[in-house]
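Across the two complexes that follow, subunit A remains constant while its partner is subunit B and subsequently subunit C.
Take a look at the complex of A and B:
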């Protein structure tokens, strides 16, 4: 009887320990998600206190909204190019820094530094480098360049350059950690068997790096699909919709155009897209990983 | 072999120069006058000149913004650490299915992007009078941070042997006593990870303060900078001086905590 009471007491403490965490989580994530889902079925403007339910109308309209598809297209274009560039470059940087390089910790710090600066600052610094610095630099070589952010054809790529500059740090660290986990004997024996540097990389390093590649691809892709700050502070979707991504589009619809119900429906569609992308990506990459 | 090494070093040096270039320009701009910038954009300033900084200090509310950022970050990170450690310990030690369900709940919550919940969160904050208050934004950051926090702490506590705890229990120590006296001192490494990752995120966050701290006197550094740039977009040198001032605290934090940040990111990758 006493043993039972003791177990019960211990269990009670564990549950009590969970209460603050569950409370905060419910408050900041679950309640907004549920109310958001509810709003998506209303014609709510975001201000009035009356909610009118209109069934699936918002979703039907959203699917037929060509602006939403353009924004989704921009978002995916941005995210896919980002994922490829960031991973290729950060892996390259990691390989360079993993070799016996003098002052490699200093270089690691320099490559990581842009990641810790706020996106507002980054956007500002780059906007001026684009509009004033680079044109003057290239003018010295007789070339005439204008800011890519002002040109609808190049604006998205202009933003990608900024985001790559700022996004190399964390994946690079993850790749360095992954490279350090590869036993030196394996590369040594590949060399003895006559494999060149490229074949050793292709057949030994890359497969063993698969877990790092999985996590980095996932983090960059989902992170880039959610991009907001950089677009909001630099181009704000312009010029002529060329950099409008899904998050800025939803923000404008919900907060500036007073179509909160509609904006929430688009958010929910975006949420589903994000979950599908994550699940598909994880299942593809997990299959390719090898165990050491 | 020697030739390759020199080539690699030269390549890395070049990459580093390209990477540092935008920051160099920012620093350069902040030290020059408008006339010097007009005459030559990339030339070094004629003399060390800090007048832009003192001017920016006077016109902006920099000390106020720093204080707000410090309060919001410190409050939120403290809450995240305490709450996640408690929950993580309970999940790691409780062996009923209930705890696994709670663990999965926290995990799946990480899939919900903030952009999806921002409008309801704003409405919630408004109706509960949590806007324009450090406590209100702390609750939201707490709810966000606890998800990954629980992940870190649960994994760490599972790696701690139960023997000491059992011995303490036989000696009559209660569960809170065990947590405070035995577990807490062991949690330092994982706490460092949770701390640095959350400090970097919260200090630089823009969107949540944009929604929650709209009153001028509550603005954090990124928000303050956003409005300052909008206001002084014609006075480049002043705006850049302010930009450099805004960079200093987080760069100092980074340089001092670099070891933990590197470890934290690597650890986070393995957990994910």
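Take a look at the complex of A and C:
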């Protein structure tokens, strides 16, 4: 008992270090979430000083709002394509850069570099590339190209290209780390058993990489579901709503149409959607993981 | 390992200390602000007394008065340097007043302003647009009543009336400008084209320019506002002047009218398709700067725009700027007598009713309303001022418009937009569907009506 109390006294000290983090989390996440939830039951316009409570009206309207569903559709289209592309590509790069490639450190740096640039800057660079750079470049070869961001049929894909270009770095690093954690003797014994390169990858590398895959899938999916900055600076939802994602839609509703209450309600709905997606995804991928 | 742990702990502690400092700093700031506010209100009070005692208190009330800083937020970020110069001039004359200028891009301006206001941040002086936005801020109780203030007499009574909210002036008109079509005189002369005075003539000219292998219109429609600016002028002009739907926007506001009822909606969509057809390649991929570039390089023959790009064009192509470009009113209809010059108010100034430095803020407004301030405005921002008697000579191209100014052939289509519904952005997105044939004009009109009824019950 005495010993326990002593340990407690000694360890209590560390709790102190939790305080800043807890403080930040409370005031930057919990408090806004709660006030946001409160606003979602009002018809607040975002500026007036009095609140009128209207019950669940905002939520009922949101579910019936076809624009919201279109935006959700765009968001998921964007996020799913992004998740697949980013993971496949970064895994490929990781495999390539994990092998004995000359100057691989240089290449790792190069592929990681776009992730360091701020999204706003990336948006401007690519807007310029698409509307000025590429047309001029291809014109030199006699080809006539226009900016995909100016065409509703291609705008979302134009954005995905930019996001993939920028988003490939961090997952690649995680995959490289995962690959380096796989003991060489396992691959070697697979080789001795007669497995080819693909077979070894499929049956040895991939299962052992599962934890990395889980975390990367999760990070890219939730990250791209929440995309805002890139869309906002490049297309701002246009042309003809083809890149209107949920976050830009909520932003416009809350700030341009003066319906902060309604915008809050939609954010809350999106919050629930995000939680559900994350839980489902993690539980699926966790099952596929194997321990060493 | 231990070392690393130690380092980590130090960093953590440091952040804690720093964040503590930060919050303390904030508190201190707030306290100081409060204290300052207190003393300043009394100062302002005494100044007020002085002002009412000696009717003309334009001179500094006394050099011993405590210096104050007023914040000034504006959306004319394209002329940030010009406004900085005007403010310098004001500060030189009022050594006790410092102006903290905060330029914000127009697209983000109202969001930021609203957020600041709602968050209790007090901006002393800020720009507003007459109409819906002013009403919104007035309803929120943020605007000081400027009706009958001395400096307001420097403006034309019509202008004041036009910018009044519920019969009172909460904003001071600042600048105005024509929105019309710039054209390349050389291209027009080479093809033997006259200045088109009707819509059909404009399109016929565009066809000829296109046949000659040039771009008729420079469109920067990647930036939503460029399309929105055109659309929110073509539609009300046609609705009120051609189709005589004078109360259309009133009814729209009340939910008594639909876009489908107004024939000019279809006219506008058809016009938009024409412009799109005769526009530069990649109409929705090129932004405002790209469009100005096309025009400045002489690749495009016409550009529907306000006077903002003039400084840019002067820099990019001085020859074009000096003698080879002209400016004509946009002919929205086929009735020549209706096609007057669109002349719109741009920014107006408002004083925060909760400002702690009202006296200084009003002095700033008085300066902007003086002939001196007006001239400084015209000189530094290349837009026209509403102050009586200021010069209109901002660019050679504007001389073409002189007859319209002289004959009073001006109109302001924005005054017809008597609705708080911000339909412009929504409509400019919808109309893009028609460009790419993903929807018919009837469909998007229906979508617009659904959107209005959904958002404004």
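One rule holds in what follows: the second predicted complex is superposed on the first by the 269 of 292 C-alpha atoms of A that agree within 3 Å, B and C clash if a C-alpha of one lies under 4 Å from a C-alpha of the other, contacts with A are read in each partner's own complex, and residues count from 1 in each chain.
The criterion applied here is as follows: contacts are C-beta pairs under 8 Å (C-beta built on N, C-alpha and C of every residue); 3 or more make two chains touch, one makes a residue touch a chain.
Keep in mind that what you see is a predicted model, and the values were worked out from it rather than measured.
*Asks:* After the superposition on A, what does A:143 contact: first (subunit B), second (subunit C), both or neither?
*Replies:* neither
*Asks:* Could you say whether A:284 touches subunit B, subunit C, both of them, or neither, answering first, second, both or neither?
*Replies:* neither
*Asks:* Once the shared chain is lined up, is A:88 touching subunit B (first), subunit C (second), both, or neither of them?
*Replies:* neither
*Asks:* Name the contact category of A:276: first (subunit B only), second (subunit C only), both, or neither.
*Replies:* Touch status of A:276: no partner.
*Asks:* Using the touch criterion from the header, give the chain among subunit B and subunit C with more contacted residues in subunit A.
*Replies:* Between subunit B and subunit C, the winner on subunit A residue contacts is B.
*Asks:* Contacts for A:152 in the overlay, against subunit B (first) and subunit C (second): which applies, first, second, both or neither?
*Replies:* A:152 sits against subunit C, while subunit B stays out of touch.
*Asks:* Looking at A:237 after the superposition, I want to know if it touches subunit B, subunit C, both of them or none. Which is it: first, second, both, neither?
*Replies:* After superposition on chain A, A:237 lies in contact with subunit C alone.
*Asks:* Is A:206 touching anything from subunit B or subunit C once the two structures are fitted on A? First, second, both or neither.
*Replies:* A:206 sits against neither subunit B nor subunit C.
*Asks:* Considering only touches as defined above, state whether A:259 meets subunit B (first), subunit C (second), both or neither.
*Replies:* Touch partner of A:259: subunit C, not subunit B.
*Asks:* After the superposition on A, what does A:20 contact: first (subunit B), second (subunit C), both or neither?
*Replies:* Both partners.
*Asks:* Identify the overlap between the subunit B-contacting and the subunit C-contacting residues of subunit A.
*Replies:* 17, 20, 24, 46, 132, 255.
*Asks:* Which of the residues in subunit A come into contact with subunit C in the complex?
*Replies:* Spelled out, the residues of subunit A in touch with subunit C are 17, 19-20, 23-24, 46-49, 61, 65, 67, 127, 130-132, 135, 144, 146-153, 235-241, 252, 255-259.
*Asks:* For the complex, which residues does subunit A have touching subunit B?
*Replies:* The touching residues are 9-11, 13-15, 17-18, 20-22, 24-33, 35-36, 39, 46, 93, 96-97, 99-102, 107-114, 116-121, 124-126, 128-129, 132-133, 136-137, 165, 170, 173-174, 176-177, 212, 215-216, 218-219, 226, 228-229, 232-233, 246-247, 250-251, 254-255, 260, 263-264, 267-268, 270-271, 274-275, 278.
*Asks:* Okay, in this complex, where on subunit C does subunit A touch?
*Replies:* Residue list for subunit C touching subunit A: 9, 12, 15-16, 19, 110-111, 114, 117-118, 136-137, 139-141, 222, 224, 281-287, 290, 422, 425, 429-433, 435-436, 438-439, 451, 454-455.
*Asks:* In their shared complex, at which residues does subunit B touch subunit A?
*Replies:* Residues in contact with subunit A: 5, 8-9, 11-12, 15-16, 19-23, 25-26, 29, 41-42, 79, 82-84, 86-87, 89-91, 93-94, 96, 99, 102, 105-106, 109, 111-121, 123-124, 139-140, 142-144, 146-147, 150, 174-176, 179, 200, 203-204, 206-207, 221-223, 225-226, 229, 236, 239-240, 243, 246-247, 250-251, 253-255, 258, 262, 265-266, 269, 272.
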